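One chain, subunit A, links the two complexes that follow: it is found with subunit B in the first and with subunit C in the second.
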Partner chain A sequence: MNNKKRLNRLLKFALIATCCFVASARGEVVIVVPADSPISSLSKAQVAKIFLGKSRRFPDGSKALPLNQSEGNLERDAFYQLVSGKSPAQVKAHWSKLIFTGRGQPPREAPSNNAVKQLLTSHRVNISYIDRSTADESVKIVVLK
Partner chain B sequence: MAPIFMAGCLASQPTFALELSRPSYSFNGFGTLGTVYSDEDQADFVSSWLLQPNGAGHTSKWHAGIDTKLGGQINARFNEQFSAVLQVVVERQEDNAWTPAIEWANIQYQLNDNVSLRLGRTVLAAFMVSDTRLVGYANPWIRGPQELYQIVPITNMDGIDATYTLDFNDWRNSLQLTFGQTDQDLINDGELRARNGFMFSNTLEYEYASFRLAYLNAHIHLDTPDSTALLNAYDALGAALARIPGQEDAAAQASTISERYALSDAPIEVYSAGLRLEPDNWLFMAEWARVTETSALSKADAWYATLGYRLTSMTPYLTLAEVNGDTPQEPGITTSGMPTPVATTAEAMNNGLNQYLFQASHAQKSITLGIRWNFISNAALKLQYQHIELDEKSAGRLINGQSGFQLGSRVNTFSAVIDFVF
Partner chain C sequence: MPNPLEETKEQIQIDTTSSEKDNQNKFIEPQVFYPAVLIVFLITLWVTTFNIISTSHQRTRDSAITSATALVRTYEAQVVRALREIDQALNVVTKSYELNDDNTMLSLLNEWDLLLPDFLFVTSIADADGNVINSTRPFEKHRIADQSYFQQQLEFDQLASSQPWQDPYTKVWKLTFSRRISTPAGDFAGIAFTSVEASYFVSGYEESQLGKQGVLGILGTDGTFRVRRSGQKIVSGEKANFNQLVHGDEELEELEELEELEVRLQDNSWDQIKRYTVASQLYEFPLAVVLGLSEKEQMQGAIELKHVYLLRASAASVALMLLTIIFLRLSLQLKQSRNQALEEHISHAKKVEHLAFHDSLTGLPNRSFFSQLLSHGIAEAKRYERRLALLFLDLDRFKIINDTLGHDAGDELLKEVAHRLSEALRETDTVARLGGDEFVVLLPEMNDEKQLSAVAKKILCAVGKPFHLAGQDLRVTVSIGISVFPIDGEDEQTLVKNADIAMYHAKEGGKNNFCFYSDELSADSLERLALESSLRQAVDRGEFVLHYQEKHDLRSGEITGAEALLRWQHPTLGLIQPMQFLPLAEETGLIIPIGKWAIEAACKQANKWAEEGLPPRCISVNLTERQFTDAQLLDDIADILQRTAINPAQLELEITESLLLRNFERALKTLSRIKDLGVRIAIDNFGTSYTSLSTLDKFHFDTLKIDGSVIRDIANQPSDKELTEAIISVGRTMAMTIVAEGVETQEQAEFLLNSSCDQVQGFYYDKPTPPSLTNARTNE
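And now, the complex of A and B:
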């Protein structure tokens, strides 16, 4: 009986672990701009600046308006890790710093990949990130230099 | 269907692309819930020696009024150029009351991408993390190392500041100039006034590194009943000695002392340099500061270094810090030839003066071991142990020394806080 319980628990753990693994392996985050945007490639550092409130412009001097995914979304955590190497808590601390020094407000947020795509296409200045599998013709994937 | 669908999208999210040019408002808050234990029962551990009337140790073994605070901030953006910030903080004040106070209230004008101006009450960013010193969540430790951060105990100035930011490749340079003044009530009915305040700071950032140089200059007026009484006593003694034949020199000494140590329109300068490195999971921060001698405040040098390492949600850290001052050995007035009762009084005053000067130097060093745990996304639990060694002639950053208090003591403190933002 005890052994069976233990086995059940082990199986549950294995299942949860697999789910977590699948969830994290599923996503590859890509940086996206509206399909008609002139932007086609950026460096990680340039993207990080825009999403950490350090720059309001693309390298070509045109205006950039970042759109974040909601806190807790896997895409968001993976995105910041990719471009800035910062953990969710570090990103939170960074924005706290900007907010409470009156130096900036974090980018507007969208709850999902689909919501991002809908908002993104409303203007050419927008930039965001989504899971690669959800990219379609409404967006252009930015090549990371 | 595409046009209808798109129209729907635009209608439901009309502000996104336009938000830069429309007025918008937001509210943000921060706070700390904390308690501190000190094993020194003959003096009080506080987080500000001029702004907190009592603390942990003597007043109570555990004290919750040292780090605990709640702040709220309203941000208004009127258009692309103009915005405003109002920040109100509730924390224990110098009179022991939890009175809300306006920390910042300023209007910002963004001239272009590089230049912004602020008018009103703004942060006095004397040191590297001065601008977030109240926002525990944004800082690695519970409180900025006091050896250095308490050199400038005021946090804001009323005036104007200008920031010039320049980006070149992956480098970023921010130059900030602040002009202003401030009035601050202190413990024991004291008062601090700073006039003609001028602050310069320059921060250079590259990838994970940032380097900051700063300079602060102000004329300060600091009055506490104790210091006023002591200096008044020298004035009175000088006046009395002037009437005793043969004591003219001592009389002159007394009034010189009174003038020299009165903190009235006293020019003060603070130089500082700070370095912050965050490669991968490491955090290294170090700062150095020097305050020049002025009146009763001796020249002091302070530094600290913090090393931390991030393990997923936990960050253990270690801090070494020290402040030392060249307190002048003040001979006071010469008592030879004075009538005995006057000489006794004068000697007692000389002792009092030297004690006052040593205490104003705050020399101490400490080692701090702490850990930060981001247990949920908008809050962090921090535990911190600090071992403090006071200089042999100093009470360090402790206040309310009792008769049993020994200068040069060793003090152990333990602090636990939850920092949050919302």
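And now, the complex of A and C:
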């Protein structure tokens, strides 16, 4: 029994490690805001709060309009892992509960890095995340404290 | 005959019983009391414990029911709201589509945030043929015409929900909701539908409220669980008995705002877990919400509490039992010791009483008890006009027996006599010992002289049988005097006195005899009274004189001292020898002043001789028993020594052996004190009676006087010679001065000289003479 459990744990660990490796190989997720945003740095916790529906505002008091990438995008999974340490399933359960119990609405979603950038530039949203390699001058990368 | 002892016994018994009663009132028997208290305590303890347990169970049950009701209300509201949101969002889609069937419409609505969140929902549109023509995600299915949510919309225009279905790729259970799209004419133009994971509807499951074994779910009226969650386990598509769970009583559906929900404790059919289960059917949808709280989880606290209480109660019970046992033990011990103390008290009281009323030697009633018995007997006899006889008994020659066989033997004899007397008499008769060798017998209802004679003879016979004492058989006789109430006296004193007189008469009449009292006898006893009164006068008048018999040193022949001998110079009767008046003086106690006078007179005489120029002489004076035991003796001697200023070593007091035997320890004490005064002590009449040589060892006498009877037959009896020699040798060993008395012949004197006797006295040398004569002789 114990051996089996240990083996399972080992396998899980290996899987997570592989995912992380793949993600990092593919690239690194960065938090981005519109190029003209006053926000330049945020803590992981502040970001996580915004993207888990626990806060609607930036630390300076201005309204936060978060944008998620679509379900299944690697950036989304990597992002949540990065800021909150939650797995996609945990994030989904979290939002299910919030929506079902009427406590919040999840961020809007964009299907790709480019769509994210477009939406940010249009100021329909003001914070999201993209693969570092796709970042350009149209957006500002937020320094994670 | 009432017996004071009996009375007192009764009193004591009354006392004890009353005190026992008190005890019973104060304390019920501890072996009943403590267990009873224990049982009461135990019953109270356990009843309380079970009450607390059942109350706590009931409270827990109530709180489970209350919280299940509250939780199901909340859940119902959440489900209804979620369904309405879905309905609303689909309505927006259908209405938009009916206005403008543009394919970009969905993304537009999405951009406007009019659709259900992408995060969970996939919204699609199908045309009238069931072909999916647009979706917020890549199409999951392309044809849905066969699906229930499509079919339903063909007929109704309202939100329809699907059975749960499993995503073939992700294996996730989903639910689909649909609404009809109509043409402007109202014909069926297709449906808008949205799919969401079934788990969405149970995402509100809180373990803090529902526990790990609780249940939260949505059940269709068709009996299929859309979704059901217990802890982290989420299941869809399961069958359950709708009616068994939902108790919407259609007939009784009064227009109450919120009908009562019934929480039931039941084994849930799907997982066989017993839960407080409650279900509520939704008004707008063919669904019901189900909620359950596991009994085991809800009751866990109460059960733990129950275990704690049971454990505590058990511990307390054991402690109580132990305490009870300890208390019981202690109180039983206490009771026992109390009883013991009581018994000791009683037995002590009895003993004291017995001692007070009985003679310690024979166990017979003593003088004071007898006196009570007699006065009581007299009173009774008076009342019933009966006669009462009193027998006064005196053992003949008891003194001799006591002196020769010793005190212990004398006591033995008295005991045996007492025993024989008791045996010889009836139970109603009373035998008492008045002291010494005097016994009295009280015969109630005795009026016939013949009968009395028979009794007296019986007594004489009983006492006359041989006794076996101190290793030898001997015979004792008794003299009996009889007086009868009321003839011989109507009061106690007279009766006793007259019986005593009769007894004396019997003694005079030859002993071993009995004698009835008569007035003539009384006259005889008057003689005695006369003697006594004249003896008393003699003391006052100084009618006593001392004669002296000199003691000679055998070797030198010199006079070393003299023995003072008492004589009564009666004015009419002339010189009376001591044996004629001494017993009476001893009996009446007159010997005390007489003896005192004698010692003083002797001391004065010694001084007188000294004044006359004679060499110092040692004066010997005899002490009688009464004198010797007199408490004043020492003071008197000291007084005399001081007054006469005589050298104490010149005074020698002579005591007989028998005197020592009465109370040896006390006698030794008295002797030591006398000796402490410097006065010499001689043991007199040595060799005449039973003497233990160890007596000599216990006290150091200054002088040993061999009795005249020992040396009387020295000439003829070799054994007497040997005895004399033995006594002398013992005396010498003990460094005593040995004086031989009663030396009457030259033969005896020579023998004594040869036997190394120190001094002699006797007729061979001189007869006791008044001091004047003594002087004359010495001067010769």
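Definition applied: the second predicted complex is superposed on the first by the 119 of 145 C-alpha atoms of A that agree within 3 Å, B and C clash if a C-alpha of one lies under 4 Å from a C-alpha of the other, contacts with A are read in each partner's own complex, and residues count from 1 in each chain.
By our rule, contacts are C-beta pairs under 8 Å (C-beta built on N, C-alpha and C of every residue); 3 or more make two chains touch, one makes a residue touch a chain.
Please read these numbers as outputs of a predicted model, since none were measured by experiment.
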With both structures lined up on subunit A, is it a clash or a fit for subunit B and subunit C? clash
Which of the two, subunit B or subunit C, is in touch with more residues of subunit A? B
Quick one: is A:Ala93 in contact with subunit B, with subunit C, with both, or with neither? Answer first, second, both or neither. both
Could you look at A:Gln118 and tell me whether it touches subunit B, subunit C, both or neither (first, second, both, neither)? first
Touching A:Lys54, do we find subunit B (first), subunit C (second), both, or neither? first
Tell me the contact category for A:Glu109 with respect to subunit B and subunit C: first, second, both or neither. second
A:Ala45 in the overlay: touching subunit B, subunit C, both, or neither? Say first, second, both or neither. first
If we overlay the two complexes on their shared chain A, which of subunit B and subunit C does A:Ser70 touch? Say first, second, both or neither. second
Report for A:Thr101: first if it touches subunit B alone, second if subunit C alone, otherwise both or neither. both
State the stretch of subunit C that overlaps subunit B in the combined model; pick it from 4-12, 58-66, 490-498 or 670-678. 58-66
Both subunit B and subunit C contact which residues of subunit A? 71, 92-93, 96-97, 99-102, 105, 108
Quick one: which bits of subunit B touch subunit A in the complex? Just the residue numbers, please. 6, 9-10, 13, 16-17, 19-20, 26, 28, 30, 71, 73, 75, 77, 83, 85, 87, 104, 106, 108, 113, 118, 122-123, 131-132, 134-135, 137-138, 167, 170, 172, 207, 280, 310, 312-313, 374, 377-378, 380, 421
For the subunit C and subunit A complex, residues of the former touching the latter: 78, 81-82, 113, 117-120, 197, 199-201, 203-204
In the complex of these two chains, what residues of subunit A are touching subunit C? 68, 70-71, 92-93, 95-97, 99-102, 105-109
Subunit B partner contacts - residues on subunit A that touch it in the complex: 45, 49, 54-57, 63, 65, 67, 71-72, 85, 87-90, 92-93, 96-97, 99-102, 105, 108, 118-119, 121-123, 125-126
